[in-house]
Each structure stands twice: as structure tokens, then as C-alpha cells.
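Chain lettering (A, B and C) follows the sequence in which the chains are written, and residue indices restart at 1 in each chain.
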Amino acid sequence: MLRITGGTIYDPANGVDGVVRDVCIAAGKVVADVEGGRTIDATGTIVLPGGVDVHTHVAGGALNFARGLMPEKQRVARKFLRTADRRGGLGGLTPTTFATGYLYAGMGWTTVNEAAVPVLSAKHTHEELRDTPIVDKSCLLLLANNEILLDLLEAGEVERARDVVGWLLWAAKVYGVKAVNPGGVAAWKWGKNASVMHEPVEGYEKLTPAMIVSGLARLVDELGLPHPMHLHCNNLGNPGNVATTIETMQALEGRRAHLAHLQFHAYGGENWSTMRSGAAEIVEAFERHPNLTADAGAVLFGDAVTVTADGPWQHMLHQLTGHKWGNLDVENETGCGIVPYVYRDRHVVNAVQWAVGLELLLLTKDPWRMFLTTDHPNGGGFWRYPEIIQLLMDAEFRRAQVRRLPEAAQSRIVLGEIDREYSVYEVAIITAAGPARALGLTRKGHLGVGADADVAIYPSKPDADGRLFTYPRYVVKGGEIVVEEGEIRQVVDGREYVVRPAFDAAIEEYLRPVFQKLYTISFDNYAVEPERVRDAEIRDLPEPS
Amino acid sequence: MIRLVLREPLPVPLEAEVLSPDVMATLAHDAIRALPVFLGKHRRRVDDCFRVEGEKSDEVTIEGDASRVKWIGRGMSRGRLTIAGNAGMHLGAYMSGGAIEVSGDTGDWLGAEMSGGLIRVRGNAGGQVGAAYRGSPKGMTDGTIVIDGTAGLEVGMRMKRGTIAVGGQVRDFAGLQMLGGTIVLRAGAELRTGAWMMRGTIVSLEPIPMLPTFAPAAEYNPTFMRLVARHLSRLGHRVPAAEAEGAYLRYTGDAAVPGKGEILVWRPR
Amino acid sequence: MSLTRRGVHIVDTFAEAFGMRAARVVITAATPEWARTAALATTGFATSVIGCKVEAGIEAELSPEQTPDGRPGIQTLFFAFDAEGLATRLVERVGQTVLTCATTACFDGLPDASERVVVGGQVRHFGDRYQASKVVDGRRYWRIPVMEGEFLVEESFGVQKGIGGGNFLILGATQAAALEAAEAAVDVMRPVPGVVLPFPGGIVRSGSKVGARRYKNMIASTNDVYCPTLRGRPGVESLVPEGANCVYEVVVNGLDRASIATALRAGIDAACRPGVVEISAGNYGGKLGKHHFRLHDLLA
């Protein structure tokens, strides 16, 4: 039992905007009142729902491949030494599992959505998530290049496709659907890409990326998944991809979708030397499509590691930069590419990229639709979110940073002209309330009665660098105080959110022979056994509509 | 001068990056004795393992068979480190200045990723001399390493600049993925010398098996070899260069990359 | 106060010399002859910055023990008004006369100078991307593939302060006597370390004055007051004394005051011989150059 008293509460989901009042916690939930137990004196603090990271890469095959690709980074990474109650680990941009949990909790983030899981290696993801302490987790299944599914979409076999998607979701024990460069990663197996929405994908006669986008979005809606199709659009990273992104929005034809790391998909210009921000155009189109949410995928200057299923884009980045490159093929399903990268403030393209993420957050009027992420570790480490928040909240500071950019970059962005400043209330929306709502996690992202007691308590005064949110005084997870005065005090286990869609079990008779013909493993070893997912909270979905 | 004498043979490796002029130059005797070292996984004091004499000097001598002592001289930038005996792995790794002299043998990773300074080994060295650690884009970026005896695998792997000279034969993959610099092999090498070479110079005074992706170009007496010869003669390594004695047959490669490196093989007259 | 040496009148005046930037270039080759051939070509047409943009000369011959690559060599000095100009001239000259000359290599003679200019780093482009960098013992060189084999040239050359235009005038009774005196002076000045004599044979037969009386826009013209045939001409306030019929100028550039002073002292002394009436020096009233060498102080 816990009472948090004297803090200034920000709970946008319940309309609480900076009110000093108590938050009472019992049995891991927020309650109306509590007697006994500990009292935290939260005077001089702001109190927010624990952060919800709607798009991050922290566990599984791709991330572990990235860890292995960069031993030189591990040698200099922050060391988490083992203690009586904390396991050892390494920090850096690809933190090891235990370190990931400590780092997120140490910032006041309590729910994490692992954005890209292949079915084939989902067991690996779940094992790593099991070793990611404190935070609650969900994960998204990569489906937009699953060739069994694509074959069915090409053939127009929608119902069978839906049952396959349902079966795959349950087999992988995941929470939602991820689509990465639809058709493009399948084409990469032929050394090609799929950047044109209405051109058939390599190896297919009719199936286009647009058809995969609309087809999969429809299946997600029919299966009643709490989180919409989570979409990494085609043509990521290329100058002029604003057009592709807008075509994608149109291809959805009003269906729900969440657009991932939208910054990478908001570039104008024709080539690298004319590349400029397309954020204004994207926001204008985004606001005309109310069925969409997005996360910013903002970049920060400094080190990053690009980890993505978008194999062809990563090969391109390797050729552009000469940096080392790792590429994985995941049989019939997807792939991944890893390239270490550095965003430099003297580099005109990087300067534009830095501005675009911020422009998306500042130009989108409704904070309930555009969330804070860096597509960790692609745009920068997640522990740097407070730097982005500072840029959103302090227009003068932001303008000073814009003035330091290269001349050539300044004429390609509009960031310097934007006066808007985020309030703490709005920050609570883009870091917690909004993502929780988009993920369909009704007990997350708010502090109303019945919510999970995940609370982050920060000093109300900025630190020496002018930032809020860098140093939580307390972090409460499921009612337990896990962080006190910036230090991990207690380690609890988080749970994993899993959906169980309704599908025709007989689909297995279709899948088994197809699978056995195409895959290298036995079909019986494919699905993730329920025991492998620790503390799973399974949500049964209704019959398809 | 500071003198460290190993008390008794070490049962397990000792990690001792504190054994460096940079660390000891300003320390008093007691402070040196109290410096931390790791014997296996246990933290110990320097004087648990060494008898210590002297203080506050950037001339440090180590006596005894230190073949299990790792990381001696790590990152040093000044002074003189003399090892009367053998030394373990990672000797002089990351060093940027100063000089190390070893009378015996050293382990692997001698001078790995160093950026300056001088290392002289009278005995034999292990593998990965002046090399990049796994994953690092480049190995040594300057400095000089001379080894009187033999060396092991991957000598100068991914080195970018600097000079390595080895008096005895080296094993496979000398100059692997070399990015620049000069390796002089006075007694030749085993297999696959220069594999994946991008730039740089490998000089062999003995004929060596050549990868098929290295093409012979010309026989000549490049002037720069006289500079290399003079630099190395001051360190006790004689390298021929004059027309009267012979010439170098130049091979360019590694065409598999394609690389702009070269292997110069001495042809005596 | 009047001063004579061996009967030669030493005018109480001063030579006015200029602060310049200097570089030292060491050219080596397979034989001393080839090194000299290159050095003469490189330092040719380098008498005055006015028309040649650089002033240069041979400083010393070097034995194999004294050169970076252990081969015979020649040490040369170059002078210009600024480091940038010096760099451009060195790139031109090394590229046209050292690169092209058989068996040569080219090294920096001021390796400890903190101010540096890029020379080999420019000449290397002749290699059309086939060139290769080589760092030996902390110094960077370029190896440029050429038909002969390889041309080795150092990447950067040191630049330091230098002095140009140290001088004295020999006013002799006859042309033959004046020239003999000038040649004798040059013979003892050449071996002095740190100096070069940029003019042909070290001697200027046509000393100049700033500007011109009769032509507009001329930078320099004949020094009429020292032209013997113009003595007595209306408008010429001749400085050629009674008994003198020919004037030669010896010009010396050097790395510092001390070396120029040593050279001037030795040269003037050697020039004080029968047939020489007077020793004087050229200056501009002290208004242009900041380095003044008073003849009386030199011989004191």
C-alpha cells in the first residue's frame, strides 16, 4: 500500500492537468483511498503515469545480432555490475536484457512495446523479454513479408489469410501486427526492393505493396486486435518519400493504422543534395486521416545503431556510409539489416532529419495522435528522450539549436519558425497516455482508479542542463517502489501482453504441408509454447467481424 | 626508477593495467604498493604480487616471469617500461607514447590499437601484433613495434599506420585486412600474407607463398624503403634497400577487395 | 666617421633587407650530379620575387650521411613574402623540375618548423589516384608512380621567418677588377650555412631602384645613381665616386640575421682588394625593409 502525496499530478486520460492531490495505491492498482502503508512525500515534484514506449527494439534475434556485430561498442559500454538483487549487463545502444529493464525503469518508463518479432525467432524474443525486468512488455509480429500470407493475399483468399494471421499471432504469443516495408523485404530475397506502392512485388503477378497494406489492415481490424496494424512504410529514408507515405495513408482507405517512426518517411526533395523536410506536408495529410496514429522516430545527434527488418534499405545505408553491415534472412518471413551510424550536426542531411522529428511533434495539433520515440536504437538511445522533451518544451533553446545547424540545412526546414511549446500535460500524453490508448492497454498510461500503479515522479524543477524527466525521484511499478532517488531499489518482474485471436483451428491442416515444404524446421517446433512466456496476460479476442 | 619484482609464479592470469609509467609517475611508494590488480577474479594489491622499490618515476622496471600478467603498459603515453623477462597478453595495448622494452617473450595482442610510442621485444611475440580488437574498424594507428624473434597469426591485422618489424618467421594472415602502415617480415611468413589487404606495405626479405589475388608488378628499389631501413636500423633490424645488394619485387593486391596494397619481396643480387 | 679596409672606402650606410618566409628543400638522387642537375633547375629563374615570384638558391651540398634517405643530396632555400605564395611556388617547381628529374627524391629541410605548407600533398595528384601515402617515423611522404618507378616527396614542408635582400655594392676602378672582387666575395659567401645567393653567379650587374622616373607603373628600374655612364647627366645625383667605373651588387638571402651578417662580413672583406674603390649598400631610406645591416657595424 502506498500513498503519494503533495505531488502535482498530470493524468491527461482523466483530464488532470497539474493538480496537487494524492495518488493511492493498493494491490498493484490505483485506488480511491488507502490506509496504512508507506507515504511518499512528493512535494516539489511532478507525477506522471509511467512512460509507455510504443516502438522500440530491445529483444530478440535482430537486436542480439546487432550486439554481436559490434564488440567494440560492448568494450566501452556502461557496465552494470551484478549485485545481490540486480543482474549484470552492458549498456550502450544495444543494451543486454537486464540492463534494458534497469535503464527504462531508471527513466520512469514502465511499459515497452518490442516492435519487430519474426515468428521463427519469437522464442528468442520471449526469452530475452523474460530477462527484461521491471517493465511490462508487448511485442508485434512481422507479417507484411510473410510469403505464405502474401501468396494468399495475391490469390484473394482473404478468409484463409485471416485464419493464418490469427494462427501465426497465437503461435508467436504476441500482442499485435507489424508491417515493415510491405513486399520490400520479400523482394530483397531477390536483391530487389518494393518502393512503388502500385507496382507488383518481385515474384508476384498482382500483389502490390498497397494491396498488402490494405489487406493486412483489414485483417487486423477483422480479428479485433487492440492495437492497429503498426506500419513501417515503404520507401523509408529516401528523399521525396513524402509521396509514398501519403499514398500509403490513402491505400488504407480509412482503416486504422499506426505509422511507425514517421520522421524517416517525411522527406521532400529529389535526391540527397536537395533533400529537405516534408514534415508539414505529412502532418497536413496525417490530420486528414483521423484513423491514424503515429510515433515520431526522432533522431538525436550522436551514435545510433540502425536495426530494422528493412533489409534493402540497410544495404543501401551500408553502401552510402561504408560502415559495417549485417544482414539476416528469416526464411519466408522477413529479414533484418544492421548498420552502426552516427548522426552529425554538421551533416546537412542529418540536420534535416533532426528537425523533421521535432517538426512532426510540433506541427501535429493533437498530441493524442503523435507519440514520442526515437525508434531506439535507430535514432538514438531511448534514455535520451528527455533531450527531445526539452526541445519540445523550450522554444528559445530549440531555436538556438536550429541556429547552430549548417546554413544549407536551415533553408530546408521550418523548425526555426515554430513557437509552440509543449506543456507537461502534453508531454504526459505523448509519453504515456497516448501510446497506452493506441496500444489498447486500458490500464496503462493513466492514474485513474483501476489503473496499473505505474507512476513516475520527477523534480518539478529542470536539472542543470535545463531538462525535466532526467532523474526520477521515485518510480513505482505495479505498486512497488522500484526506483528511489535515481537508483534501482527493488526489482520486480513485468508481465507480457499476449492476444489470442479467434481463428479456425483447421487452418493448421492448410499450414502444415505448406510450412514443411518451405521451412527448414519442423512445423511442430514452430509455435511458441505458452510456458515460454513468463507472466503472460492473455487477452482473448472476439470472433472476426 | 620504480622496480617491481614478481614474488612467485602466478597460478592464474593477473590483470595489471596499473603497471604503467602514466599511473606510477606521480605516486609515492605506499600508493604504488596499494594499486589494484586482479588475480583471476579477486582484487589484490600490487604488493601482494610484486616487491616494490622506488616511487614517483616514469621509468618502471618489471622483473620475473610475467607471462601471465596482462595489460602491462595499457594506454601509456610517456616514460619507459622495461620488462626483464616475459610479459603477458595486451602489452602496450592502446599506448600513445613512451617506450616498452621486453627481454623475453610476449603474449598475443602486443601493441593492439596503439597510436604512438615504441615497443621492442627481444624474444618472440604472439598473434595479433598491432592489430584491431574484434569489431574495431582499425588497429594500430602509429608507433613502431620491433620483435627480434617470431610472431603468431594476424600480425598487423587491420593496422592503419605505423611500422612493425619481425626478425623471425610469422604465421598465417600477416597484414590481414591491412589499411596502411608497414610490416617488415625479415624471415618471411606462413600462409595467406596480405589477405584482404586494402592499403599499406608488407615487406618480406624471404620468398613467401603468394595468394593468387596478388599480381607481380615490377622489380625496383623504392626510395621509401631507405627511410624504413634507416628507421629500423636504429632499432637493430637490418633491412636492405640499396641497388648494389638487390631489389624488391612488388606484388599488388589484394585484388579480391580490390585493394591498393603491396607486398615487396626482396631479391638479392 | 670614415672607415677603410685595405684602402677601400666603406661608406657609412646600411643594407635594407626584408622579412620573408623561407623553406628549405632537400633534393637527393642516385649521384651528386643528378641531385645538382635537379637543384639547378628547381632554383633557376628565382632571382627576385618581383618577376619570378620566388627567390631561391643552393645552400649546400650534402653527403649521403646527411640526407634522409642516405643518398647524395643538395640543400636549397626558397624565399617568398608569405607562406601561401611559397607553397604555390614549391608545388610548381617540385612538380616541374624534381618530379621530372631522374632518380630524385624530395624532402623537407625544416622538419621542426611548426608552420607547415603542403607540397608533396599537392604534387601527389600527378599520380592520378595511383599514388600512396607512407608514414615513416612520424613523417608523411607520398609515393607517386612514374615511368622510372616511384617519386618520393614529403607531404609538408616547414616554413620559417627568413630575410631577403641582404646586399652590398662593389664600386671598382674597372669592370674586370670589380667583377673579380665580386667573384671573390661570392666564393667565401656560398659556404656560409643558412644563406643562398639567388642571382646568376651570386652577382647582380643591374641593381635596381624602386619605381621609375620616366615610365609610369614600373615596379623597378635601373639604379641610375649607381650607373657609371650616367654620372654627370643632369638630374642624376650620382653616387659613383671619383675613380670608380663599374658597380656590382652582391645579394644574399638567409634564414636569420646572424647568417646574413656572417655572409656579408666575409663577402665584403673578400671584396676589399686592389682595384676596388668603395663598398656601399642599397637601401630605401629604411622605409621598406625592417632588417638593416650597417656596414660599419659588420666590419667593427
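Criterion: a contact is a pair of C-beta atoms (placed from the backbone, for glycine too) under 8 Å apart; a residue touches a chain by one contact, two chains touch by 3 or more.
On a predicted model such as this, the values are computed, not experimentally measured, just so you know.
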Shared chain contacts [subunit A and subunit B, defined touch]: none
Per-chain Cα centre nearest the global Cα centre, belonging to chain: B
Mean-CA-position distance for subunit C and subunit B (Å): 47
For subunit A paired with subunit C, centre-to-centre distance based on mean C-alpha positions, whole Å: 72
Contacts with 2+ other chains: residues of subunit B: none
Of subunit B, residues touching subunit C in the complex: 142, 144, 161-163, 180-182, 199, 201, 218, 220-224, 226-231, 260, 262
Touch list for subunit C against partner subunit B, complex: 28, 68-71, 105, 132-138, 141, 143, 149-150, 152
Of all residues in subunit A, those that touch subunit B in their complex: 69-75, 324
In the complex, subunit B residues that touch subunit A: 133-137
